[in-house]
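Look at the two complexes coming up: chain A is in both, with chain B in one and chain C in the other.
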Partner chain A sequence: MASMSSGDESLRLCVFDLRRGQTEGQELDKILFFHPPELDVSTQLSVTGLSEGLITFTRLFSPEAACEVIEAERHSHVFFEAETDIWMVMVVEKNKDTGAIWRIDALRGMLKEVHSLFVMFHGSVRALLEKEPTGGLTRAQLYPFITDYLSTFQKRSRSEDWCCDLFVGKKLQLPNFRETTLSERGTVQMLTLARDTALEVQSLVQVLDSCAGNLQCLSMILFQDLLVSTTLSPDDTVNLFTFAVMRLTSQALLSSDASSWSHLRKGTGSSETSSRSTSGSIDSLHHVIRPLQNDKWKKGKDGFLVTDIWGLETGGSPDPAIPIVWLQETQERVYLLAYQYKSLTLLLLLPETDIVNGGLSAVKQQVIEQASLRIMKIEEKISRGWGGENAYHVKGYRYLVVDTDLEVSRASPSGKVATLAKESLLALNKLREEVDLEKSRAKRQERDLEICIRAKNNAWVIARVSRDKELYMALEKASDTLLDATDAVGRFSNRYCSGAFLMD
Partner chain B sequence: MTTSDSSSSSSSSSANDFADRNPSTDPGTNSDRVQSQLESMNLSEPSGVSDGSPTDDDDEEVASANGIEGGEEIEALPRAGEHPVEMEAGEEPPSPTSSGYDGERGSSGGASSTYKADEDEIREANVDADTASQHEAAWLPGKRHVDEDDASLSWRKRKKHFFILSNSGKPIYSRYGDEHKLAGFSATLQAIISFVENGGDRVNLVKAGKHQVVFLVKGPIYLVCISCTDETYEYLRGQLDLLYGQMIVILTKSIDRCFEKNAKFDMTPLLGGTDAVFSSLVHSFSWNPATFLHAYTCLPLPYASRKATGTVLQDVCASGVLFALLMCRHKVVSLAGAQKASLHPDDLLLLSNFVMSSESFRQVLNILPIYKQTSESFSPICLPRYNPQAFLHAYVHFFDDDTYVILLTTRSDAFYHLKDGRVRIEAVLVKSNILTTVQRSIAEGGLRVEDLPIDRRLRQKPSSTNNQGQDSTEVSVGTGGPFGLWHFMYRSVYLDQYVSSEFSPPVTSHRQQKSLYRAYQKLYASMHEKGLGPHKTQYRRDENYTLLCWVTPDFELYAAFDPLADKAMAIKICNQVCQRVKEVENEVFLQGASPFSW
Partner chain C sequence: MPSSSQTSVGSGALSHAYIQHPSLRCNVPESRGLFYDDANRLLICVTSSQVFSWETATFNPDVSPSVDSIPEGPILSVRFSLDKKVIAVQRSDCEIQFFHRETKQTLTHKCRAGSESLLGFFWSDSPLCDLAVVKTSGMDLFACDSAMNLRLVETKKVNVNWYIYTHESRLVLLASGLQCKTITGFQLSTAGVVRLPKFEMTLASTESNSKPIISAGDVHLVTVYGRIYCVQVDMEAMLLHTYRFYRDAVVQQGSLPIYSSKLSVSVVDNLLLVHQIDAKVVIIYDLFVDSRAPVSAPLPLLWRGYQGSDTSPQAASKENESPESSTSSENIVMYEDAWTFLVPDLILDQTNKVLWRVHLDLEAISASSSDRTSLLEFLQRRKLEANKAKQLCLGIARALILERRPATQVTQAIDVLVTAYSYSVKAGIYKELKNGKTTATIPTNDGASPDNERGRASGSSLDEEEEEVEMNLPSGPADEQQESQLSSPAISPDELYKFVFASVEEMMVEESDYLVAIITEFLRSISAEKLKVDLNIYVMTIRLLARSKRFAELSLFTANKIIEPSKEVALQLLESGGQDPRVRKLGLDMLRQLSLHHEYISSLVQDGYYLEALRYAQKRKVTSVRSSLFLEAAFASNDMQHLAAILRVLSELIPGFKETSEYYTFHGLLNETSSSVAV
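Then we have the complex of A and B:
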């Protein structure tokens, strides 16, 4: 690995199937995805070989949980068994000087996220492999999907000043401790509504439900990048929310319009396809869809978002096809309709099997007729009361609150987090690592932990875990004593977390 | 080498005898592909076994197997002094055939263990000594479960494995199981390390569920720990470091040269019979805070007694002795060093472990009376922090079961000179009645949280934030010290010494004590985080403890309270603890005479 050329050291990501390539000489068949794709085959095999070796080795002692991470001097190897025997391994370079400091659980969160999104659009990897045992179809879908994910997931933060292009030269820059310490991947961020607005949203949800007539219509509403309401299960909400924030919300559309980003991405993308000598033929064999492709969504005249990612409607219609996604909870395929008015984005999900020809157009028509006025009013109302990007800033605090049961989190705005001293953030990042460890040891219901550390720079970094709820905080008031800091946490908990974090 | 209990020459002579004595155990593989290694191990999933998960508690598992209910644990217990069982337990009938260092160790497969039982086996501390002594015969010396190997499920389920192997994959030491039977497993470990190394990196840690696999590479020697004990990575790595150090104590670092000459060199014969030394060290990882604080502790003594001892040790050092130590078990009574010579606390730990766990140093032992004449030994020994390349020569003499002197010199012909030194020291000990004082100190124990003066003002002051509905006096009743203080450790940074309180209720059983130490270890690792640390203060509460830690340039305080303890009160109590330690520092610390000026 040391002999590798520079530039491709920072990230390696592979997906492999332990059930494939069992005979000698066939090992390459295990690999379903590898980034960077131009890496020579023997190096790819050495990554999967080591991974597989350690999975087997650790199962000797720990049959119920195989290898999760390898910490080496210069790299961290993060493991995630996405499906039985389908492993994702991410290898990142560590470098304190360049800020390449990672929290393993945050990195694993990325693997979980990309896998969940993949399953949402394509179904499980195992199912794809069973459908087409050569693995060609799976590879053809995985390559563009993960590459699109990697190349653009930072886009949602483009507006912020720390942001940089994901590919600098050919180097990927994953979110490091600065971005991950006070944020939690795999959760949604909610908008807090005034009571009367909440009631109006409630009635809008009912109207949306009725737009499909007798059919069940699930819905999700976002204001900017925040969730307003959902009728989906928490897991499905997280997946769709993540996708919407990446590609569908008003901000996502805005940023995709405005950038020279696409040229960069296209350049990279094409080099990737060409470097896969086989992929060209596979692509033509299989109908490859790239749901995470950027710059592909536009707002239509009727307010509905359209894309040609899924091609055209069958039967010679000039209309673009409506995307279909899998819902985890019901294991059901549903059409995804997205409607947007200014900052408000609505997602409607309709069972594929129940929609007959032209059925979707009727639903669209109903939404426009029945709901558009309410949507307008609610958008206006929320916008008027909206405090802007610092709406959830609490003076003097830099915080993250997570509810792991509901998969919801709220944090200080990133602009405010950026004002913390690097030492404070690093200390908190380290503390989160400790808490991650403790969490994995304790049973969910028994979790009860409070840690307050006064770091070298006199900042207090605090973690508080109570069952499903977690609070992380940095306080940089040098004069504070332990009791002052505890009081500050207590006040915050009472005011903003309904007293969930009792401090003794 | 002149010696009365010749425990001297063999390790140095065999260190020069580098022939590969046992080529048949060569695993014969130096594969650089982990995969093929793993395949060759014929791994099988633990099928057909109802429970593939590690037994929840290793203690229990082994304890039931041996029918051992436990034993009185070490000196920290208040009453341990009345029954110095730690010593009795380790004692074996003197072997009539053994006299030499090597021969003795080699023949009996580790003559003895100086602790009563391995960490696996000790359970409750409240078993009385009579019961404990009945079980003596059942205790296995040194290594246990030699019949196991990596194919046995029981072996895989052990909570903590230690391995030492050479960079060609030859096994050198395994805590459990026969090294030779583990050749294939050892080769796998080697393959993992070298696979990562070939990629230009170095593997430190592999995590899987509750298991951690920790690697440490020391030149041609690889050390690996596989553990599901919930200890920190930092501490496990520190344990490997100490294990390596213990090996250096016995062999010096010149062992590296053997591997340069012959990559397939078999080291196991050189360590023959030292299982007890390693297992005793491994055991100490779970009870001796010195292993993670990197500081030593003194036996509490009146200032005058310690000073008298210190003076004579200093005199002896002035006559050409490098270090002179008077020890009581693993605690220091006093010590002195030649000018500019400094002794690292880790060296002290390894040295006392070596002496305490090697039966050859204490051949003729009689349980009390104190003044019985006992053995003396002269043995090559290496202090890895002082100079890992060379042997020193140690003169060791036990005055009684607990108290012994170690005199270290660079000269191999100094036996009679050191013996004279010991006679001078003994004269002072007798004259000042020090050995009796030592025995009294053992019996009385050290600082107790119950003895902390309770500030009346604190007691009366209602606790403002206590939401448990208990008033503060209630909290302090029957739970160790005032206001729920259960235990503390105070480490003086300049002195390289620590003092810890005796265990008090409710932290009474060995299991509870081990659990508290593990909580301290986490706290220590968290406070001393590399790169960021040390942090200044930490408050940590979980379902088991409230822990408070202060790190200042002068001292570090670690205190454990009831999990319901009031925060404000706990802080005040910590202040009082520091105050209290300052008051008694002349009795609990070795002051001034320090060769520890590094």
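Then we have the complex of A and C:
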């Protein structure tokens, strides 16, 4: 295989299993995923070999947490142990000129996220490997999944020439510091509701629950890209929220291309995807599902979202099959029903084991009969009270507030963040990196940090950590003194964070 | 348990309406007749020269009648003037005599003999006239001064066959025409005399040449919910037609079926009771609802000894002592011919010379009703026995929850109660009872046999529930009093919390999800009506959510202020957060938001965040937290640097701290442990 590495050196991503390929000559068996896939086997092996070596070495000193990152002159190697002995390693090129400036925790956040999503749809990698020990199935699932995931960022930056097919040899682009500095992966963004609306929503949640009859029905409601309500555990909420924002919300559907849907209707869009795997076997035998495939969801006439990603209903029904996801909290497989009315997206999760034939359509019917009117009213009510995309903009501030316990964050709208000077963002990015480091050092200890830095362009970049709440901020008022800056943070904290950050 | 045979006739019989001992006895020797003055609510018994009158409003059998002497003569009807100073007696079809009770002055009013005859008369409180005299030729309106001079004010010329009038409606209906179905109405209200549009009553005729005639006894004026209706018997069609009077229109409102050739009506607590006399049953209708379905199935009117709930030994013995109680059941024949139905809720038994008041048995009605939502609406409209209705409503709400009815059903019920409360507050009807005893009363199984019957009919859950709750019903008269205090059965949100939610919590431990769902709907309902509720409901909600480990919702509930922040709520969050630090954090955040500095700092220290706590104390200048808390926490963590820092901060924060023994103790400890740290 010819080396095509030159164009793709900016990003390498691999997933490997330390328990596999222990004997010499079998090393290739370790590799479960490698990007770019066209990279020659020896290079792939050298990347994983190096990584494994580093892991083994660092484990000598820190058996609990092996290496997290290796900073080389031109590359950063980011390590993430997704499951025991299953590692994800990302190698990124550093280049200040092209803006290839990364915050390691943000990159690791991506690895965590893609893994969490994978587990949500496919179950754990380990379980897949145990089910099918050759690793063929795992590879067949991982390959399109991670590629689909990474393509999401591609699309955001260059929506014009976006191609929905699995691309080979295309350069993947990771979200850079402009996107990651004032955002936090692995958190949800909440919509703040007035009390009476919140009560209406809660009442709706109960109606949704009752739509499943005696079954337990978990639910999650989003308004645009914001979470309105959830009955899921925080971790499951984050995963499902991430997925919904990527593929299901009204915006996600809007941006998807209608033409790809016609492609589906012709029936050519079979989900069977043969993928190149490093072991060289052809995996067309495996039923590969691409849950993150873009442009595959459509709103049906009844308001429910449909997709053919999961093929058709068994038993010759022409209806698309309903996706099933794993809940982390309960380790339960649940059907995922998505209903949409204008900006409101509702996800219903029903235990797979309890649903008998036709049970789902009965639930759907109930939702339409019992809840659709309320959904309409609530959408109307929320829309009326919604301040638009700049609703959470605070004049003069560019901020990010994270509650790590609740896995919730709120930030300045991206349009407003984009107005920041590059220097401010870079300084803040650097500051976050410092804080990340400090946080990992101070694990389990009382964390209380307060850092104010004057950037080259005279902007103030500020980080404030108080136990489980973090605040990052850029203030671009050159004339401000340090006192002014801390005052501004104090005011912000009192006004928008219920005084969580006590300023000296 | 009191024996049932003592308390009711025909034990085991179901009934929704009853008459009850003691009756008002009006047995006067040589009685020549019994009359009822509905304007003054007087029962009048006349002898040849005397007028005995009893107040029926108080319905006290122990009070003796007032007696007036009048000249001898025939008496066709008697009515006291509205100030009760004058007694008017109709002597014949052309003569009315007036007697002044104080001055003994007498006046005779006659109409033209031959050409017209007197049908009757009534006193009026309209500004125009004081007396209306109805004759075959029309109605004369007279003003009457204190010297009893009658002055004709106005004459309404109508051919009149018969008329009906009730003082509560101030409405007089004059019937004319061959079949007496053309009705002219006047309302002699305080606002003046209003002539209603003339209207025709509906009368079916099976054969073309048969011309049935409506008689005065076929038409009844019914006043309910401040509205005036007229009900009219149509024997041919076996229907009771209803008409509603508006200021400028008379609108027919549909018809009720008739099951008897003799019929009369009563109104009790705004409900229409149609006595099907031949069938000896009474059917109850609520004209408030559009549906003309009866409130409950036809059941006989029951005679009861003492009121079921006060068959306490004292009450029983009182009954035995009283010579008046000798009316035994043998004497009472239900719906006998000599019964006269008086407006609105009285029955005069001419044979026994006793007056009964008709009562409703709300418990029986509730027990036989399956649609609890409409039952609650029905009970919320009751005024006469507001307390009983209220307790029944509370019992129903509790039962709905304890029976794990679908949340939607319970929600509907709660909505009814909350809306009714909101309405009564806005209308100024509801007044909070300060008397804790009354609000604490619980609907009790009063032990009378009909209740046992009902218990069986409705499923036993209600009864079981009642036994668990301490009974606190005072006996007879006190109960009456308390009921009269309560003018509305409306239930405040606080009472709903206290007597419904809080009281079922213990029994619903396993179903906290269900209870939370219902509480949420309750909160939504009171929020929609812009009402407030005892914050203990929030405390309870937190407890329930934490119990079922629904962290996501707990977090949402507090974030969106569905659970309104308060100190109590925050403390409950801290307590429930024993298992889940995230819940505890919600409590801490709330304390901070509420600026409950002392509690916030203490909780922080308790959680081991003593540095943050001290920092906060320093910032907010809070000195109320015991300094030893910080010092002990730091000492326990074995961090001497922290201890030193805390000592220094406290010295600055608290004046004179350096002189306290605490300072010396910890300063000494610090020096002992580490001499390198300078303070």
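The definition used in the following text is that the second predicted complex is superposed on the first by the 454 of 504 C-alpha atoms of A that agree within 3 Å, B and C clash if a C-alpha of one lies under 4 Å from a C-alpha of the other, contacts with A are read in each partner's own complex, and residues count from 1 in each chain.
The rule we apply is simple: contacts are C-beta pairs under 8 Å (C-beta built on N, C-alpha and C of every residue); 3 or more make two chains touch, one makes a residue touch a chain.
Given the structure is predicted, the values throughout are model-derived calculations rather than measurements.
With both complexes placed on chain A, chain A has more residues touched by B than by the other of chain B and chain C. Of the two partner chains placed by the overlay, only chain C lies in contact with A:S466; chain B stays clear of it.
In the superposition on chain A, no contact is made by A:E369 with either chain B or chain C. Legend: residue contacts after superposition of the two complexes on their common chain; A:D308 is shown touching neither chain B nor chain C.
In the superposed model, A:D319 lies in contact with neither chain B nor chain C. Touch criterion not met for A:E130: it reaches neither chain B nor chain C.
Of the two partner chains placed by the overlay, neither chain B nor chain C lies in contact with A:D484. Contacts of A:I451 after superposition on the shared chain: chain B is touched, whereas chain C is not. Residues 446, 448, 502, 504 of chain A lie in contact with chain B in one complex and with chain C in the other.
Chain contact summary for the complex, chain B toward chain A: residues 33-35, 37-38, 43, 45-46, 52-54, 150, 156, 188, 191-192, 195-196, 199-211, 213, 226, 228, 230, 233, 465-468, 522, 526-527, 529, 531-543, 564, 566-568, 571.
The touching residues of chain A, when paired with chain C in their complex, are 190, 192-193, 195-196, 198-200, 202-203, 206-207, 209-210, 229-234, 237, 405-406, 446, 448, 466-468, 498-500, 502, 504.
Residue ranges of chain A in contact with chain B, taken from their complex: 1-3, 46, 49-50, 52-54, 56-75, 96, 423, 426-427, 430-431, 434, 438, 441, 446, 448-456, 458, 482-483, 486, 502, 504. Within the complex, the chain C residues that touch chain A are 406-408, 411, 517, 520-521, 523-524, 527-528, 550-553, 555-557, 559-562, 564, 581-582, 585, 589, 592-593, 608-609, 611-612, 615-616, 619.
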